[in-house]
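Multiple structures are listed underneath, in structure tokens.
Below, chain A partners chain B and then partners chain C, in two separate complexes.
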Partner chain A sequence: MPKNKNSFYIGLSILIFLTLFSIISRLIFDYQSDQQDLMNTFSTPSFEHLLGTDQYGRDVLIRISQATQLSFVLSLGITLTALIFGVTLGILAAYKGGTTDKFLGVICDILLALPGLLLVLVFLAFSPGDFLPLYLGLSLTLWIEFFKVSRAKTKSLLVEPYVESCKSLGFGFFYILKKLIIPKLLPMIFTISTFAMSTAIIAISSLSAISVGIQPPTAELGSMIVEVLPYYEEEPMLVLLPSFVIFLIVLALQLMSKRRDYA
Partner chain B sequence: MTNIFYKRLFQVIIVALISSSIGFLMMHLLPGDIAMRIAAGRYGPDGLSAEIAQSVRVELGLNRPLYEQYFLSIFNFLKLDLGYSLVSGQSVIEELRVQLGYSLLLALSSFIVSLFIAIPLGIYTATTKNRFVNTIMMYLSIIIRAIPPFVLALILILIFSIWFNILPPAGFENWKYFVLPTLTLSLGLAAVSNRLINDSMNDVQNSSYFKYGRYKGLSQNITIRRHGIKNTLIPLVSFLALQSVYLIEGVVVVETIFAFPGIGHALVHAIVARDIPMIQGTILIMGLIFVFINVFVDILALYLDPRLKEKKDA
Partner chain C sequence: MHKNIKIENLSIFSKDKLLVENINLEISTNKPLILLGESGSGKSLVIDALMGVLAKGLKIKGSILLDGVDLLKLSKKQRQKLWGKVITLLPQEPWRSLDPTMKVKDQVKEVRKFVYKDKILQTEQRALKELQEVKLQDFTNSYPHELSGGMCQRLTLAITHTQEGSVLLVDEPTKGLDKELCNSIVKKLNEQVNEGKLLFVITHDLQIAQNIKGTLGVMAKGKLIEYNNTDEIFNNPKNDYTKELIYAEAKYWNIEKTSIQNEKIVEVKNLSKSFGENKLFSNLSLTINKGEIVSIVGKSGSGKSSLGNIILENLHYDSGNIEKNSNYKKIQFQKIYQDPPSAFLPEQILFDGFKDLLNLHNIKEEFLHSYMEEFNLRKDLLQRKPDEISGGELQRLSIIRVLLLKPIFIFADEITSRLDPISQKEVLILVKNIVEKEGLCILLVTHDHEIAQILSHKIINLKNYKL
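And now, the complex of A and B:
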């Protein structure tokens, strides 16, 4: 097991590197991600095209950096949605108990009846290739973990003597929430967020790789990989580069999560 | 105890409701006249006419009020009448039966291969004094876990189909086509479970019954075999539920990448082709299998660790 702190900083620096890479490369090179140059397909890396071009002569560097940004933004949006709903409802369920708690529990059971990816596929069946079903389906799958953990933790916090005494001293709900409960939830929320975000990134790229997610010509890491598959034998780098970027993002997120070695 | 089973029964009903309702919703939300599409699927675009479409409409009850159609679709569902594929015209149940066989074989063999990799490896890294091997295995597990299944599949294709040219990259004809999909899924599973077994074996080694076995003169190997392995595997059981999620999701992705004729590939294909009865059928079958695996895991966990039963009853 690598030291927690070290692996956190390694993961963080990978993420910072990828962010800088995708921003700077788009500042330096003035190509569009769908700008074709059919006289110049599969060109080897040069000063004009640092990573060469693909089967339509599109600049690989720009496409990778744009796809990286897309993955980041989309998975971050999904994770934040799941986080906000999950944690709010989790605290609510723990605080109210009774019917509210039962009702939310039943909703979780409903959503857990299908494995996450299948649920997303059900949504995608209505309009393959759209952002919305992808976003809705993944947020709906990922909020459950936030909900369950923050509900359990809040429940155990609420019966702690110091919270009880704070309540009987007359402090309001939001004060207790802000000062006593949320600070204790934060480390777990962080761990689940890294986990949720890497799940989202894997799901987004896998779904477009099996051509039901985001569709070409939008530069997306998964669809970029599959698009060049027919040329795999001649140009393995075009397949491996986007794969490597997905790997780096997921690895970085896993290193940052302060989870144990597995799970 | 009974609580769990009510929950699972509830989930079975939910799976049935979800899959029967998507069919209905898609029929009415998607653009285009569904009777025309079905008629075209059945008789080919050449034999298509307004009368034929009308006869299909009457036959399937598409001219009745919406609520009646919805109950009819659920009723047909309860009779396990899943209808006919809009693409191939074959009975959905018949198609699924064949595809499910392939998928179950793939999932099961992946699971078994993953155990053959993970159990010896996990026990070895926990019991060996060789720190180097342990570190290597740890980093290797972290790395493989960060690779999505479809990328792992492509890397294996590059190595075995393109560089060495010993295994076919896609399709299905004989057992050789089975190797790469199985390897992809089992590597992904083993990357997680070998660390789990390693940790669990470490716990067992520090337990008093294991130490006692050593003190009374049993050799390291015999103690591991007699007292170690069984206890080490207990945490793995509760982990089965998570692994089944990985397997079902992995089957969908990996089958599609390898063009393997299983149920996951069928689902993706049906979504792309908007083959509504097939989507319904695949979701139903995969959802039911998932719930049944969970029931099985619940029972197995209770059987292996009776303390859970007391806790639940209390």
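And now, the complex of A and C:
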């Protein structure tokens, strides 16, 4: 399927471009993201400030590159945590069956009944810092999909005669895991990961837009949009740039999810 | 009603290969045609050509005359109009072509409703009548998954019957069915011939070929190698391949039984097993000695496989007692599967699987190679994946895989039901020889009573253990 392959590579190149952008811009310019220059607010793009400055005279380029990096790293961390827990528990539930399976299923149902953002709010109430509640809350909502898919797929694989035959030939569970279950799960997990990561990025931005989670002055795409909203008439670029970056990351992830080179 | 079909000089070829070579066949009323041959011999292509559903990219030469009209010269639309009204098809493994969400009665009704535009009340009566004829009148409101394979086969037959077509094409009618059901299908197909239909059957089942009297064609590698009256071919086969095929039937096998030794391997006492309401068997007792072959026969779903799986501890039992000779380890009790591809990890190169097995149990690779030689298997087969080699070859490999573990007991679950008659003979004789040579015992599940009679010392008919 060459068409899908292409879209995967387009998505990948967008991500690489954004990464390079955020690394290189910080190598060239030696500003802090919260370094104010009140004499120089809303300056137009110049060699000193490639994308101009905002209402406090902070360099927009640096703020965007830092915010991009933050979103990216945080959402990747959240996705990986969700993936590791979801897949491990999913395989465990399918393999053990019985009470383990039921118990994990019930936990899933309980979490599904709560809106994901609410979970973050709950964590905010009793865990300290900006990142930890976001990280915990979002991982806790996102692992469910990994769990459900890997549990269902593993279950259907485990009843195949070749699993029984492997066992009777003396192979242990880890052999079956390595040779059969993981290879079959990988492509699915990859697709879910890209979806989970886009969800995480949008959730982080939405939450900081309503001043939950990451607080100013830390540069974050969502809060950057909201901060400059009052000045939208004069400086529309300041609102549009972070939105465009969010759009690019999510688009890139969605494009990558289409890699279906498995049958 | 049409009177005859003549297939003249039919050749089918793909880009670089001749698949069917210059075939001449004739079907007329009271003279059905049976085309016999193994999979890949090109017989399915002939049916596809007749129906007009040949895969894209295949070219066709020659002519197919239905009462003198060349079907190959008709447009695609004109040919599609024949479907259901003139030409009807009984597909292979019919349970796959039935609508799983539709009641039995409705599946029969829809033919009259959509192909013939009958009134709804009429279709209802017609459907009930057709279902009565195939003795499914008690299942009109059931769904396909509630029917057995044989019942599904009868249901599709009822559906094709409502189509009133004069040509009936039948594709492998007994694939996946018990031998006992085959006879009833032969009877049904013969009835269709008596009604004046032009019947064309392709099969690799010798019993079907022998019992539908008409013309028999034997195909191998795209060629029609023998073509004559059915009885003539069966009594006096001329071609070497035909001879091999006919003499592959169990009644022609000339073998001696293995000799039993005086060492008990498995002893089953008063075993009972049921799935929910369904009692499979009760009070079943059985001893298997070294060197012995025991066969289990019975209808599908009667618990043949369950018995073996219970002995192998893959399945729990309700009550009774199973004793295994404690001189042997659990790993020496092994199983060979019905559908060879499903017993190997898909996507895994066969050699990789074997290597893992050899490493796991510290077995020398020489053993594998000497078995391969003994079983007449080329070494390069190991470099392929399970679905890239033939069923017969893969089944022999799975026997080797088990033999490497020095087994004492092998549960062979319908190991030849998916193989053609020649491979079936090869594999079963191989199994018999290893019992003799390696000194082990076998519990053989089969639905072929003849095979059971010839190979085994004891036959367990599960019918006798029903309550």
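Odds and ends about this structure:
Quick note on the criterion: the second predicted complex is superposed on the first by the 251 of 263 C-alpha atoms of A that agree within 3 Å, B and C clash if a C-alpha of one lies under 4 Å from a C-alpha of the other, contacts with A are read in each partner's own complex, and residues count from 1 in each chain.
Everything below uses one rule, namely that contacts are C-beta pairs under 8 Å (C-beta built on N, C-alpha and C of every residue); 3 or more make two chains touch, one makes a residue touch a chain.
All values reported here derive from a predicted model rather than from experimental measurement.
For the composite obtained by superposing both complexes on chain A, the positions of chain B and chain C are free of clash and fit together. If you stand at the C-alpha centre of chain A, chain B and chain C are 90 degrees apart, rounded to the nearest 10. In the superposition on chain A, no contact is made by A:103 with either chain B or chain C.
When the two structures are aligned on the shared chain, A:125 is found in touch with chain B, with no touch to chain C. In the superposition on chain A, A:180 contacts chain C only, with no contact to chain B. Comparing chain C and chain B on the residues of chain A they touch gives the larger count to B.
When the shared chain is aligned, chain B comes close enough to touch A:115, but chain C does not. Of the two partner chains placed around the shared chain by superposition, chain C is the only one that A:161 touches, whereas chain B remains out of contact. In the superposition on chain A, A:9 makes contact with neither chain B nor chain C.
In the superposition on chain A, contact of A:170 is made with chain C only, not with chain B.
Per the superposed model, the minimal spacing between any CA atom of chain B and any CA atom of chain C is 7 Å.
Looking at chain A, you'll find no residue that touches chain B in one structure and chain C in the other.
Per the touch definition, chain C reaches chain A in the complex via residues 312, 314, 331, 334-335, 337, 339, 342-348, 356-357, 360-361, 401-402, 405.
On the side of chain A, the complex with chain B involves touching residues 1, 106, 109-110, 112-118, 121-122, 124-126, 128, 198, 202, 205-206, 209-212, 222, 225, 229, 232-233, 236, 239-240, 243, 246-247, 250-251, 254-255, 260-263. If you check the complex, the residues on chain B that touch chain A are 7, 10-12, 14-15, 18, 22, 25-26, 29-30, 138, 141-143, 145-151, 154-155, 157-158, 162, 192, 195-196, 199, 242, 244-245, 248-249, 252-253, 256-257, 267-268, 271-272, 279, 283, 286-287, 290-291.
Chain A contributes residues 160-162, 164-166, 168-171, 175, 179-180, 183 to its touches with chain C in the complex.
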